[in-house]
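Each structure below is given as structure tokens.
Consider the two complexes below, in which chain A is the common component and chain B and chain C are the respective partners.
== the complex of A and B ==
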């Protein structure tokens, strides 16, 4: 590992959660505008986390603090891996480990809502993981390697032109990772959710603040991987991520009653079939 | 010295087993089993220091040994035939006759093959299997001591059947070691059949109707596997006139030759490794006492199947047979992972997950590149430790709560914390980076780059596995307060569990170095190259996470917990709350198994037909 890689890794460690917090702020502002509300200020997510940090609330389980911290480390690690140009597939697995820890912590809680949320969180994981993996495999096929730098320097032409069919799949992943749809998973800010705050029900206080930061880091990883689709310059990467984010926000606002069964039975298979078709097509070229 | 080590590995368990049978005293039996564990450990380490090597120990290379092997190829099917006729089991009888005919033809109708130069050849792959058998296998045998005592107390037996049970259990280990190291295909086949015999006797041990049925199902499937194996060996003999395994797996020998024998051997491996559609024999094996299923699943029997396939990997690399085998393995990985998700029976979850991981190893064998084979061997070793651990934990929890259903194991962490936490850790070791199972999966995915369909199947299987194991660990650790009962515990129960836990996690961490150790020479360069170089930094990270997490755990372990949020008012009646309509609602919890998607009845038929078609393609592709 040379010094530049090290600096990049540190930058990833610090910038990723900050960017993620900003994304959360943008999300809330834009969603409010779409619903003809004023909405909170852009920096509201940071204020929220600050407030959570100041609260000391008895935990719902002895184990939650442990799992929250493991989830945070895994989420931040996945950002660092990307920043340091490591293997994207491994980055994906590390990120999935973070999601597993969040679910495990929820299982350990005492509220039935928390456990129900954990169950559904897992089925959500089942719905988006394969298509996300196949999307990464498509990118790896074109760039000929699995490391992040190869993905970014794959060709003069944006990867998007070779893999248009993975776009619905990636959009689906962004949608899930923003924790907005479907409503009956919803650790979201929606009203009228079915399971209170789903997988987050039993987390509170400082643990929850750390979990929120982990979530920001997750969102950045996902958007980052999406941005590989048009990685001709930094600007184009940011623009691609922004396009994915806004598309996800719009879709979320028009499909407020999507359920997890629908997601698992309809959305996931369709996006997976499309992505697989794209992968096979890359092999036929 | 080397010959002595090999002798200890193969013969000692057999001798100790016979001593168990003759002496019958429980105290002596415990001593003998413990001594066997120690002897096997010494033998395995002794062999490990010398590997890779070739040797000619007298008891495996002499004429007598070959005669015994030939005799076994007649006697064992004959025994199966007798059992089949006694039980009026048509399928077993017919298949046993077929196998007898094949064996007789091999002895009488074929010219004797060229003499094999070395009776024993031990490379990284053999060593991996020997280490797995000698360590994980011995630990399971030790665990069996207190387990079988409880088991028989539970059954109220007048005469203990343990002496015979331990004879088979220990002999099994010896046969496995012999199989791992023998270089003469005829001796190899004899050991292969001997493992079929052992599994048949062990599965049927309890003599209940269900046990009998499962034992005979395992028997007919494995005789079929034996027929494929013998057929393959006879064809090799016919094509090349030799039975030297090291020569046979040399790709040069197969240039322009028909791949049919290789496909048949791989098919035999698939049956032994319970790949779909042959998964039912391993599922049925659950009726046996827990140590038996632990042994069958982790360190013996099924490992024979993947061993055969990995052995053939160099020959299959880049061939149609290899490509189809990759698909076969990847498909079983996917289908059985899905089936595991629909199960609430904890042992069935383990069984399906075993098949899934074996499928992944077989896919690695089909790919056949050095990196893929390395990934396969790493998976083989770490899977043995992890699955052995999980079976022992589930067996122990089952004896504690009297049920093996995941719903009944909910929150068992409050009753027997050591076993439950070990089980949760084992479950997480199946899926978490940077531990070995995940590393193996990752390496397999990247090695499968030539086969997009296999990659997609692996991606699906991987996600299914993650969901299954997190739910497993989460259910065990679930925060429900159950009335505590005193859990029995014995040092002989917890020691193997903790040792296997250390093995599962330790080996998991050591995967890249294990890789380098097992594949010396030319393969060494590939071991830590490329992506594997990333792992050491991930270990540092995992350590860091461990420290941070443990600090938080020690802080939180003494605090007052908040009362559960139930979306209603607490009620005076236990287990209820006052909810909507002002009514008293009973509180109940359960996992979502999504049976309508992952249920066994429909899915296993559908997947079985597809997998059967793939196996036909494996053989058919080799004929054409």
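== the complex of A and C ==
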């Protein structure tokens, strides 16, 4: 590992959560505007995390603190891996491990809502991980390697033209990872849902603040991987990520009553079939 | 003030408990979330979990059955916390204060920081109560 890679990794470690917080702020402002409200200030997610950090409350289970910290480490590690140009598949698996730690912590809690949320988190993993994996395989097939830097300068032509069919799948991943849609997902971003706060129900105070930071890091990883679709320059990558984010916000606002069963039975199979068709097409070319 | 203290004032998450309200005050409380009043511009979010809440908004009268639940919810909230009693019922028992099953207002069971009069209380008055409560919290934080 040379020194530049090291600096990039450190930059990823520090900037990714900050960017994630900013994305959360943009999300809340844009959502409010779509609903003809004014919405909170852009920095609101940072205030929320600061507030949670200053609240001291005993954990629902002694194991939770440990799982939260592991989830945070895994989420930040996936950002660092991408920034350092490591294997994108590795980053994908580390990111999935983070989600599993959150679910394990929730299973330790005493609230039935927390356990129900943890089960849904596992269903969710089952639904989007295969799609995400196939999308990454498509990108690797075209760029000829699995490391992030190859994805970013694969060719003069954006990867999107070779893999239009993975776009619905990636959009689905962004929606789920933003905890946006379906509304009864494991821990909906919308505070009032049928399982209170799902996996997050039993986490409170500092643990919850750390989980929120882990969530920001996750969102950055997913948007970053989406931005590989048009990685001709930094500006085009940011623009691609912004398009995915905005599309997810619009879908969330126009489909307020999608349920997780619909996600598992309809959205996941269709997007997986489309993405797999794209992969086969790339192999047959 | 430090960032952590400022953020406590800028991010009040609110939990609404219907003690024994006729639903008049509940509708007015939920109206605060609509685009007309939009409390989210103050960073306020309506949460369903006392462990995440900073402000407890109670509507309606207290009776022997729900007094225990009210105490329970209050004790699950992390410190520092605010309690707002909404409506004539929440403040004093209102028109129901002489009923045999009514203990009275919310302050018979848990300490109340801000009282919102009205039957039902107006959304503007409820929002004003939250802002007043935050002013009180700011004083406490600055002194600490």
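Here is the rule we go by: the second predicted complex is superposed on the first by the 281 of 285 C-alpha atoms of A that agree within 3 Å, B and C clash if a C-alpha of one lies under 4 Å from a C-alpha of the other, contacts with A are read in each partner's own complex, and residues count from 1 in each chain.
The rule is short, and it goes like this: a residue touches a chain if its C-beta (ideal position, glycine included) is under 8 Å from a C-beta of that chain, and two chains touch if they have at least 3 such contacts.
Quick caveat: nothing in here was measured; it's all calculated off a predicted structure.
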Open item on the list: Applying the document's definition of touch, where does A:118 land relative to chain B and chain C: first, second, both, or neither?
Closed with: first
Task: Dominant toucher of chain A (residue count), chain B or chain C - done: B
Open item on the list: Per the contact definition in the header, classify A:232: touching chain B only (first), chain C only (second), both, or neither.
Closed with: neither
- [ ] Kindly classify A:202 by the partners it touches after superposition: chain B alone (first), chain C alone (second), both, or neither?
- [x] both
Open item on the list: I'd like to know which partner A:104 touches here: chain B for first, chain C for second, both or neither.
Closed with: first
Task: Touching partner for A:39 - first (chain B), second (chain C), both, neither - done: second
Open item on the list: Looking at A:51, would you say it contacts chain B, chain C, both, or neither? Reply first, second, both or neither.
Closed with: second
- [ ] Tell me which partner A:5 touches in the superposition: chain B (first), chain C (second), both or neither.
- [x] neither
- [ ] State which residues of chain A lie in both footprints, the one left by chain B and the one left by chain C.
- [x] 57, 60, 196, 201-202, 204
- [ ] State the interface residues of chain A toward chain C in the complex, per the touch definition above.
- [x] 28, 32, 35-41, 44, 46-51, 53-57, 60, 191-192, 196-197, 200-202, 204-205, 208
Open item on the list: Per the contact definition, I'd like the list of chain C residues that touch chain A in the complex.
Closed with: 3-8, 10-11, 13, 35, 38, 40-43, 45-49, 51-52, 54, 78-79
- [ ] Write out the stretch or stretches of chain A touching chain B in their complex.
- [x] 1, 57-70, 73-74, 77, 81, 86-87, 89-90, 93-94, 96-97, 100, 103-104, 106-115, 118-120, 122-123, 125-126, 129-130, 133-134, 137, 140-141, 146, 196, 201-202, 204, 264-265, 272, 276, 279-280, 282-283
Open item on the list: Could you list, by residue number, the parts of chain B that touch chain A in their complex?
Closed with: 341, 428, 431-433, 438, 442, 445-446, 449, 452-453, 455-456, 459-460, 462-464, 466-467, 470-471, 473-475, 477-480, 531, 534, 537-538, 541, 544-545, 548-550, 552-553, 555-557, 559-567, 587, 589, 591-592, 594, 597
